[in-house]
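Attaching a single structure in structure tokens format; questions to follow.
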Amino acid sequence: MSALLSVASLTKSFGGLRAVRTVSFDVTAESITALIGPNGAGKTTVFNLVSGFLRPDGGRVHFAGANVTGRAPREMAKLGLVRTFQRVQLFADMTVLDNVLTGAHLHTRGGLPAALFRPPATRAERARVETAARRLLERVGLGARASDPAGTLAFGQQRLLEIARALAARPRLLLLDEPAAGLNPAETQRLGALIESVRNEGLSVLFIEHDMNLVMTIAGRVVVLDFGEKIAEGAPDDIQRHPRVLEAYLGVEEPA
Amino acid sequence: MNDYILTVLVLAGIYAIIAVGLNIFTGYTGQISFGHNAFAAIGGYTSAILTTDRGWPPLAALFAGALLAVVAATLVGYPTLRLRGHYLAMATLALGLISYVLSVQLEGLTRGFTGISGIPPLGIGALVMTTPRAYFVLVWLLVAAAAGSAWLIVHSRLGLSLRAIRGGEDAARALGIDVTRYKVQALAISAAYASVAGSIFGHFVSYISPEAFGLYMVVLLFTMLFVGGIGTTLGPVVGALVIGSLPEVLSGFKDYRELIYAAVLIVILLFAPRGVLGLVARRPAARPGT
Amino acid sequence: MIAYGWSTLAQFAISGLAVGCIYGLVGIGFVVIFNASGIVNFAQGSFVMLGGMTAYALYTLGGLPLWLAALLSPMVVAALGFVLEATVIRPLWRRQAPLLVLILATLELQVMLENGTMHGLGTDPHTFPAFGGSEPVRWGGVSVARQTFWIVGGSLALVAALALFYRRTLTGQAMRACAVNREVAALLAIPVERMLAGSFALSAALGAAAGVLITPTQYTAFHVALPFGISGFVAAVIGGFGNATGAFVGGLILGVLESLAVVFIASGYKDVVTFVVLLAILFFKPTGLFGSLVEE
């Protein structure tokens, strides 16, 4: 099965700092892949490179069969790659529902004339989109908070909202940057179930995570970065025992 | 209501139209513009020049002015809207200065410091508006139209995109929103509002000069926005009414008006940086060192 | 079109350099405050205007000798900058006011200072005599006003002094630390608020010095604040808004460009030229020539 996302020899330096060095890995369709590594390993940089927020110095990114290296985030979203951010970037002053509605931007139409004259097609589309948005909110458990300002949600709920908003964009690949950060165990479990249900619908998920429990539970494949390099890639169980991975995290040299 | 009060209310209404437009750009899209006086000037001068020298019908001149303002906003917007925050503010301030300079320098067109007088009153064909009462009705109908259209815009897909830009540009981009294009669009829309107001101003007062569209207008506009509440549809209108009526109260201090308005705004900013009557702005990022 | 000889062009270039020094100083003022606090001070131009005005007031109205008036003026304006920062900027900063509010506040300050000056000293333009006499220096067909030497020399001296300040004094180094990373600076117990106050005073002094230097060659009046402020800002933008050197060079470039443009277009369009330069830089090289202005 050809990969949905293929990253080849991706390289990025900031001044003298080599943040990402010739990183290559694949993400297949309908899968859950985890990107892990100690702090500063370059994981978020990889996300930025793949999603178009940074231009790589070298290497290529292929998505859905096309070479998308260096394309802008907007275009990546159009192709079906949507990401969330390490520090939750909700539209805090907008309602929970409006946040999800913005996610549907690419699948709706209409500008100034539609706004002023509200033709039937626009109104029908709005109704359709709103129904879909509410359904998404129910799915993540935020149905009751639809009319509240997004900024009033508890932190864990904010993360879920960000995911719901991303799902409204109907991505083929969802990039989640530390989705479990700051969540308690119960919330983390709900998050894991959500990600799995997303995968079961046919999407792929690539997520950065520090919560090893979550990674081991739901990830089908794990990619490990350290100091900007990929040091291991494989099934979660294999990664758990991988000597270089242990060394990176614990600084211990595992006897051969 | 006597003519004086009607005049004050007409002027307040003219400002309200600009303020509503500015609010779309500032309050809802979260951008900063200190140059909207330029767009009002474009409207005012276009209407004045076309209706006096070239005998255009006022309504046609008004549309021409609005079109010109939209074009100007688009041309200037694309390079400058890549800036954020204060850079954008300064660039728009420069825009305002430029419009002043041009209105002084292009003497052949604008009569420079002398200004253009004898601007015919607004009207369609034989129906001509000559009394403050007529302008009062027209202007406040337009204010209603402005506020109504602003509401429609804000509560539409376009409005969602604009508010998303204010909410978080990166997140907006990640969802496929063409941030720059929408910012320019918001600027162009607000420029159109300002231009229409500027045109009406010229017809009402029948005389315009470079001084009419100076930096003072910017200060006034923001005072109105802050008093009325940025980011609400009616806020700018309320603010325009309140601040616009101040001349009544301050009639003894006419010379010091600009100074007083600026001082009032500083006091408002100091004690209610989120605006007196409404919600304002995003949550400020925590500032280190405080 | 009149054919201009080389000497005339050289003359324009030199006067452009002189004005460019002034723009550079104003631009440095912007960068200093921005680096210490992230605020762009829209009142920067008023310091220039006040510098010239204060010197005029001290000399003409106060009867002080010219050299004393010229030296005291930046100090007075610096004190004013200090006061304004403490009464208006700091409270907003402490309350974590949104960016728009801070910018607006500095713009209000500009308006108030402009208006206050207009009420205090009238609308007439003022000036005072050039330093070192008004006899220009002639050299190979080019005539250079003595004040130009003061302008260029004075500006370079100030820039050098600033560099020394940043490198050799504790306060200067602390300010540079703030510029690099304010969060870390705060963690290192650098009093960021005091850096803010200091940067305002410093910028005010620089702006005022620029005003003092330039006034003998042009007049000063209450409304010159805005054009100077914008020009200084564009100078900083050309330099990338990162450091003082960039801003100064940016000022020189802007000054020469403006001067040469005036050769071909009417001098009243000076500000339009500035704006076009701003747009051009933003369009073609938004990061500025030396720095990182815009993160795309």
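Lettered A, B and C in written order, each chain numbered from 1.
Following the convention adopted for this analysis, contacts are C-beta pairs under 8 Å (C-beta built on N, C-alpha and C of every residue); 3 or more make two chains touch, one makes a residue touch a chain.
Given the structure is predicted, the values throughout are model-derived calculations rather than measurements.
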Next on the checklist: Using only Cα atoms to place each chain's centre, name the chain farthest from chain A.
Outcome noted: C
Checklist entry - Which chain lies at the heart of the structure, taking centres as C-alpha averages? => result B
Checklist entry - Taking each chain's centre as the mean position of its Cα atoms, how many Å separate chain A from chain B? => result 41
Item to check | Interchain centroid distance [CA atoms averaged], chain B/chain C, Å | outcome: 30
Next on the checklist: Rounded to a whole Å, what is the gap between the Cα centroids of chain A and chain C?
Outcome noted: 46
Next on the checklist: Multi-chain contacts only, two chains or more: what residues does chain B have there?
Outcome noted: 282
Checklist entry - Considering the complex alone, what residue numbers of chain B touch chain C? => result 26, 32, 34, 76, 79-80, 82-87, 89-91, 93-95, 97-98, 101-102, 104-105, 215-216, 218-219, 222, 226, 255-256, 258-259, 262-263, 265-266, 269-270, 273-274, 280-282, 284, 286-290
Checklist outcome for this item: The chain A residues in contact with chain B across the complex are 51, 53, 72-74, 77-78, 82-85, 89-94, 98-99, 101-103, 105-106, 108-112, 114-116, 118, 122, 126, 151, 165-166, 169
Checklist outcome for this item: The chain B residues in contact with chain A across the complex are 149, 152-153, 156-161, 163-164, 166-168, 170-179, 185, 189, 231, 279, 282-283
Checklist entry - For the complex, which residues does chain C have touching chain B? => result 34, 39-40, 42, 88, 91-101, 103-105, 107-109, 111-112, 115-116, 119, 178, 182-183, 185-187, 190-193, 226-227, 230, 233-234, 237, 241, 266, 268-269, 271-272, 274-275, 278-279, 282-283, 286, 293-294, 296
